[in-house]
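In what follows, subunit A forms one complex with subunit B and a second complex with subunit C.
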Partner chain A sequence: MKSPAHRGRAGRAPYLFLVPATALFVLFFALPIGYALWLSLRKVRVSGLGLGSGAREEVWAGLENYTGALSDSELLHGALRVLGYGCIVVPVMLGLALLFALMLDSERVRLAPFTRLAIFLPYAIPGVVAALLWGFLYLPDVSPLYYVLDALGLPQPDLLDGGPLYLALANIAVWGGTGFNMIVIYTALRAVPAEVYEAAKLDGATPLQIALRIKIPMVAPSLVLTFFFSVIATLQVFSEPTTLKPLTNSVSTTWSPLMKVYQDAFGNGDIHAAAAQATLIALATLVLSFGFLRAVNRRDRQETAR
Partner chain B sequence: MPYTKRRRLVSSAVAVALGATALAACGSSSDDGEAGSGPVSLTYWTWAPGMDKVVDLWNEGPGKKEQITVTVKKQASGDTLVTKILTAHKAGQAPDLVQAEYQALPTLVSNDALADIGDGAGAAKDRFAEGVWQQTTLGTDAVYAIPQDIGPMMFYYRADLFEQYDLTVPTTWDEFAETARKLKKAAPDKDLTTFSANDSGLFAGLAQQAGARWWTTSGDRWKVGINDDATRKVAEFWGGLVKEGAIDNQPMYTPAWNKALNTGKQIAWVSAVWAPGTLTTAAPDTKGKWAMAPLPQWNDGDKRTGSWGGSSTAVTTDSAHKDAATKFAVWLNTDRTALNALAKDGGIYPASTSAQLSGAFTEPPAYFTNQPDFYRKAAEIAETTAPSAWGPNVNVAYTSFKDAFGAAAKNKSDFTAALDTMQRVTVADLKKQGFGVAE
Partner chain C sequence: MSSLAVPGTEPTAGTAGGTVRRPARRRRIAPLPTLTLLLGAVYCLLPVAWVVIASTKSGSELFSTFTFWPGTGFAGNLADLAAYRDGVYWRWMGNSALYAGLGALLSTCVSAISGHALAVYRFRGREALFNVLLAGVLMPPVILAVPQYLLLAQAGLTDSHLSVLLPQILSPYGVYLARIYATAAVPADVVEAARMDGAGEWRIFTRVALPMMLPGLVTVFLFQFVAVWNNFLLPYIMLSDDEKFPITLGLHTLLEQGANTPALYTLVITGAFLAVLPLVALFLVVQRFWSLDLLSGAVKS
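Let's look at the complex of A and B:
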């Protein structure tokens, strides 16, 4: 039997527990996003020479910043460049990660803990440092790589220009990201119950068949997850091209969409246009990544139904 | 700028969420009383190395007497600092004093971030060359900053290698081109210099020498002349050299560039008075082998140079103690002790004409001990600096330069097309913002 007072306190309690989380969510998530949206709908209008006070006022812009961003060919070109870059990074990185995970999980592997650490280690190196490190290796005049090529009389490709530039950039991401993805897939492999393998072996399956028919299907959820993360990371590529930019004429200040946002906000001082572009990029990321997740889920459900 | 109550609430809530500490740091000067009544403390954003030591001289000397204490905050440098100042100014929290490059002044003034300090600083006018002072007034009756350092451009070359390849120091740009070709013939793996697209200030200075005036005003309209005849001539000249392969096309300030200078793969550099500092770190092994000469000229017998770099000290509109801040800014850039310390600890080349030959500048820089009259020559060259003309969106033009000329240098394509792109982007940006633009 509860008194009304008791019931009242019990009714309030869940809300009290929710307060910290809600406050944090509103302060650090909803408010900044709301403010960015608000900024993206406004613009600064200058009158005359724009000198002196009162010559600059912030006005309502409606969707002007959005139409501007969508009709800006540089943003589109940036998106295409990143698409090309992602077509190299994602398959190569995930393919290598899966391969390494399977190899580490095989029975005949030696020095597994050391190898695992060695492959994972580049992930612990900050992206900017990794990009600088590789940048030095790509520059013909200071690279030991080119020194060796020169000594052997082999051709020396310019890695910071044209098509090879994409390979050079992708290489940095693959080098840094493979280890992390490998660990995710490897952990999933270790979770597969041993009796599954035993059954397979009793049925006479070779190690290759076990890998292709059992291991890969069983870690499919991890593959989906790593693919999902990789796509998001690719869409947000910023620090590698930004670090390589001073080393070459081939990387412009607006090479990737995020670099364009940065340039507009902090180079050209137009936070309103930058806010609109950031919103568009966030939307595109959301649609792409959740679209992919939904597609995968639907297939899963269909398969279970069958 | 009219702020609605709601906007302020939103922006301050976000500001609090994002960085309560930053706010506290910026707001330190607003809680002291009005200027002249009791002690005053000022905040100064600067990137000059060793500035804290110079400010200590003020705090222990004249500042103590006047009860004005200055605190140095090392923030970003160059364009990044402009962004920081503008962001702080939007919140009404800009520091009292800021360092700003000359080409950034119109942008800052156009955002109403800089105070007119003509009353306190007007008297300092005759300490500076006219062309330098004019950059701080923007052609108006107001004074928005006090010149601190300047970067008159000069020609640097490897004296020993010039002798080895039997090259003469070019006095005109035609001779410069000939020198580049002659070197290429004598040593195909070497370059006289490179055309670098990663520092817009260099190209702006070269255009300035040729007589370009990129931003001018007529009535209440801006006129953009980035692709004027003078600049076109400069772009064609460098584009031609890159296209025929007489000079390199790779950017400066890269490890490869350092190595090229250090090993004599590149044997000259069009730079400014601050080059000794850069060469010391970029090409340490060639110390004492370089020499400095005036920039090549467009017409034989001319004496003109452009400027690359240089900055000023300005007082912000957010400062509660503008008079005290002005006093400090004047002292910093005209007082003999201050300027000597700035030269010694900050390595800057002062804008004040009387300081260019005194104190630290009676001896050549350590890297140029082989040229005892380095600074006497530098002062003579500084006097020939052509006037410059900056506008409110230099940042946009500069970014556009890096991208357009970077691509043109890479493809060895038409530089004048890149120049037209730069003009188009700059004009479009002015129009988009609503500035009056004269066609």
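Let's look at the complex of A and C:
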């Protein structure tokens, strides 16, 4: 029944079906990235007093914006802050996600459906609202924590300043992200066939041994995946510190690198410096995440070779 | 196998048979996992419980009464919120529903047709195209959002509903999920049989593949709905007219004004409470017939 014309139609079909996605990709991904790269290599030259229509012209800047960004202490400090923040968020969030997933997967656990849904719930709450809720819980005037500390006569730390600020911000990210990662890891755990555990149980392995020696290695791929996405999300933290900003003086407009990009682009109107910084952040993200993936793959290959 | 497994089980479970991984219904509860999960649930529900209770307090009660004691001002707070700037809060809610609802619907359509094409056909450049689309996941939103703003400004589209809607239609993760679902749910021989019957490729997609992919597409829709509803950066960059703000941006500006006037705190808190409701309700309703596991691309539950 297959006429050549028919087969020809099928041959074109997948390309036609992919037109919308490709068009959107070109318009809203490829073109903006190319434009950002172009902008990052340009600058505005002001001649004379900068008045009049011809006084400001866009000229080629080479790598000037990049060297400027790399020697910018505000950007560097922002990057260090986010690094410190990420060192808290990623291990704690993934550790908790793994712990909860293992507990959900353990035998004779009660209330699992309820707790699973409750731990997942923050995923449905926007980062801005999460930051807002926790922000109020950190405020001495309205927080139950301070109420209890006050009643007990204990010292009341300022959660929105200095070192505790990192914990306060990290807590918001951990709260919002644990549930989703838990679901990813738990799904992987449930896909492990039952026979794998039976042998270990017959050998008298304790649940802890089974968790450490069998379950965690079995879900390693999903741990790698969640780590990968957590690092990317952490490097781009923006809405939480931006939301906490009105509540404290300790969050500057350039607290995280992304906030600095926003500030330069729209606060200071230096779109070229902002484009260079955004490109550097994207590069750092790609290098970090792919470097990690390669390291993991190499270890995997060595282990299978052994 | 079954007889060997029995000695390892609890005596009370004598009735449980077979080598199922969790022998059905044993009496004893494992205390440690249950307790750990309960603590996790309390931690996750605490801020939500707080906002529910805090939204019932009037301005003076907020600062004077114990945090977890309900107040008497809920009706007053609602009225204040509705009256704030001629009810701009409801505009924000409506805008969020529009961005997230329409955006997620369009995104699901694009993901479905792309996932179908990538799963059902073998054609030159398939993997390359898929990888390029997926690489979009890795792009930091800001490296996209700033030039997107500048490009849309040249098209005269900034500060419009479209400027928030359009960039969020293509979801790399949605295409990825749709491809997985299409691979798993649409058998090649069914497609072949439809083709033998003379069905065109478009007809095969809409009449044969689409109904089979539907459960998975619900997940793509939910995922994208949450992503758009929760997005802050893009509308923050694109919009300046607060009549077009989504709820996230609206609450943010309300908090910024409220920082200097604690009288606005109750408005922010009540607004935050109402903003949480739609998505929580959505998940509570949907989880009756939809499994959370689908979110990570699990095909069989």
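The working rule: the second predicted complex is superposed on the first by the 280 of 306 C-alpha atoms of A that agree within 3 Å, B and C clash if a C-alpha of one lies under 4 Å from a C-alpha of the other, contacts with A are read in each partner's own complex, and residues count from 1 in each chain.
Here, contacts are C-beta pairs under 8 Å (C-beta built on N, C-alpha and C of every residue); 3 or more make two chains touch, one makes a residue touch a chain.
Just so it is clear, the model here is predicted, and its values are computed rather than measured.
Student: Quick one: is A:Pro32 in contact with subunit B, with subunit C, with both, or with neither? Answer first, second, both or neither.
Tutor: Both partners, subunit B and subunit C.
Student: Looking at subunit A, which partner touches more of its residues: subunit C or subunit B?
Tutor: Of the two chains, more subunit A residues are contacted by C.
Student: When the two structures are overlaid on chain A, which partner does A:Ala205 contact: first (subunit B), second (subunit C), both, or neither?
Tutor: In the superposed model, A:Ala205 contacts neither subunit B nor subunit C.
Student: Considering only touches as defined above, state whether A:Leu41 meets subunit B (first), subunit C (second), both or neither.
Tutor: A:Leu41 contacts neither subunit B nor subunit C.
Student: Scan A:Ile88 for contacts with subunit B and subunit C and give back first, second, both or neither.
Tutor: A:Ile88: touches no partner chain.
Student: May I ask you to decide whether A:Val231 touches subunit B, subunit C, both, or neither, giving the answer as first, second, both or neither?
Tutor: Once the two structures are laid over each other on A, A:Val231 reaches no partner at all.
Student: Touch check for A:Gln263: first (subunit B), second (subunit C), both, or neither?
Tutor: A:Gln263: touches subunit B, not subunit C.
Student: Tell me which partner A:Val296 touches in the superposition: subunit B (first), subunit C (second), both or neither.
Tutor: neither
Student: What is the contact status of A:Glu57 with respect to subunit B (first) and subunit C (second): first, second, both, or neither?
Tutor: Only subunit B is touched by A:Glu57; subunit C is not.
Student: Taking the superposition on A as described, I'd like to know which of subunit B and subunit C A:Thr115 touches: first, second, both or neither.
Tutor: In the superposition, A:Thr115 contacts subunit C only.
Student: Considering only the contact definition stated at the top, list the common interface residues of subunit A for subunit B and subunit C.
Tutor: On subunit A, the overlap between the subunit B and subunit C contacts is residues 27-28, 31-32, 35, 136, 141-142, 246-247, 266.
Student: Inside the complex, what are the residues of subunit A that reach subunit B?
Tutor: Touching subunit B: residues 27-28, 31-32, 34-35, 38, 44-58, 68, 136, 139-142, 161, 246-250, 252-254, 263, 266-269 of subunit A.
Student: Subunit C touches which residues of subunit A in the complex?
Tutor: 1-2, 6, 9-11, 13-15, 17-18, 20-22, 24-25, 27-29, 31-33, 35-36, 39, 96, 99-100, 102-104, 106-112, 114-130, 132-137, 141-144, 147, 175, 178-180, 183-184, 186-188, 190-191, 194, 197-198, 201-202, 222, 232, 235-236, 238-239, 242-243, 245-247, 258, 261-262, 265-266, 271, 274-275, 278-279, 281-282, 285-286, 289
Student: How about subunit C: which of its residues touch subunit A in the complex?
Tutor: Against subunit A, subunit C makes touches at 1, 4-5, 8, 19-23, 26, 28-30, 32-34, 36-38, 40-41, 43-48, 50-51, 54, 62-63, 66-68, 109-111, 113-114, 116-118, 120-121, 123, 126, 129, 132-133, 136, 138-144, 146-148, 150-151, 166-167, 169-170, 175, 195-196, 198, 200-202, 205, 226, 229-230, 232-233, 236-237, 247-249, 251-252, 255-256, 258-259, 262, 265, 268-269, 272, 275-276, 279-280, 282-284, 287, 292-293, 295-296, 298.
Student: Subunit A touches which residues of subunit B in the complex?
Tutor: Its residues touching subunit A are 1-2, 10-11, 13-14, 17-18, 79-80, 82-83, 86, 106-107, 109-112, 138, 140, 197-198, 217, 220-222, 249-251, 253-256, 259-260, 265, 317, 392-393, 395-396, 399, 402-403, 406-407, 409-410, 429, 432-436.
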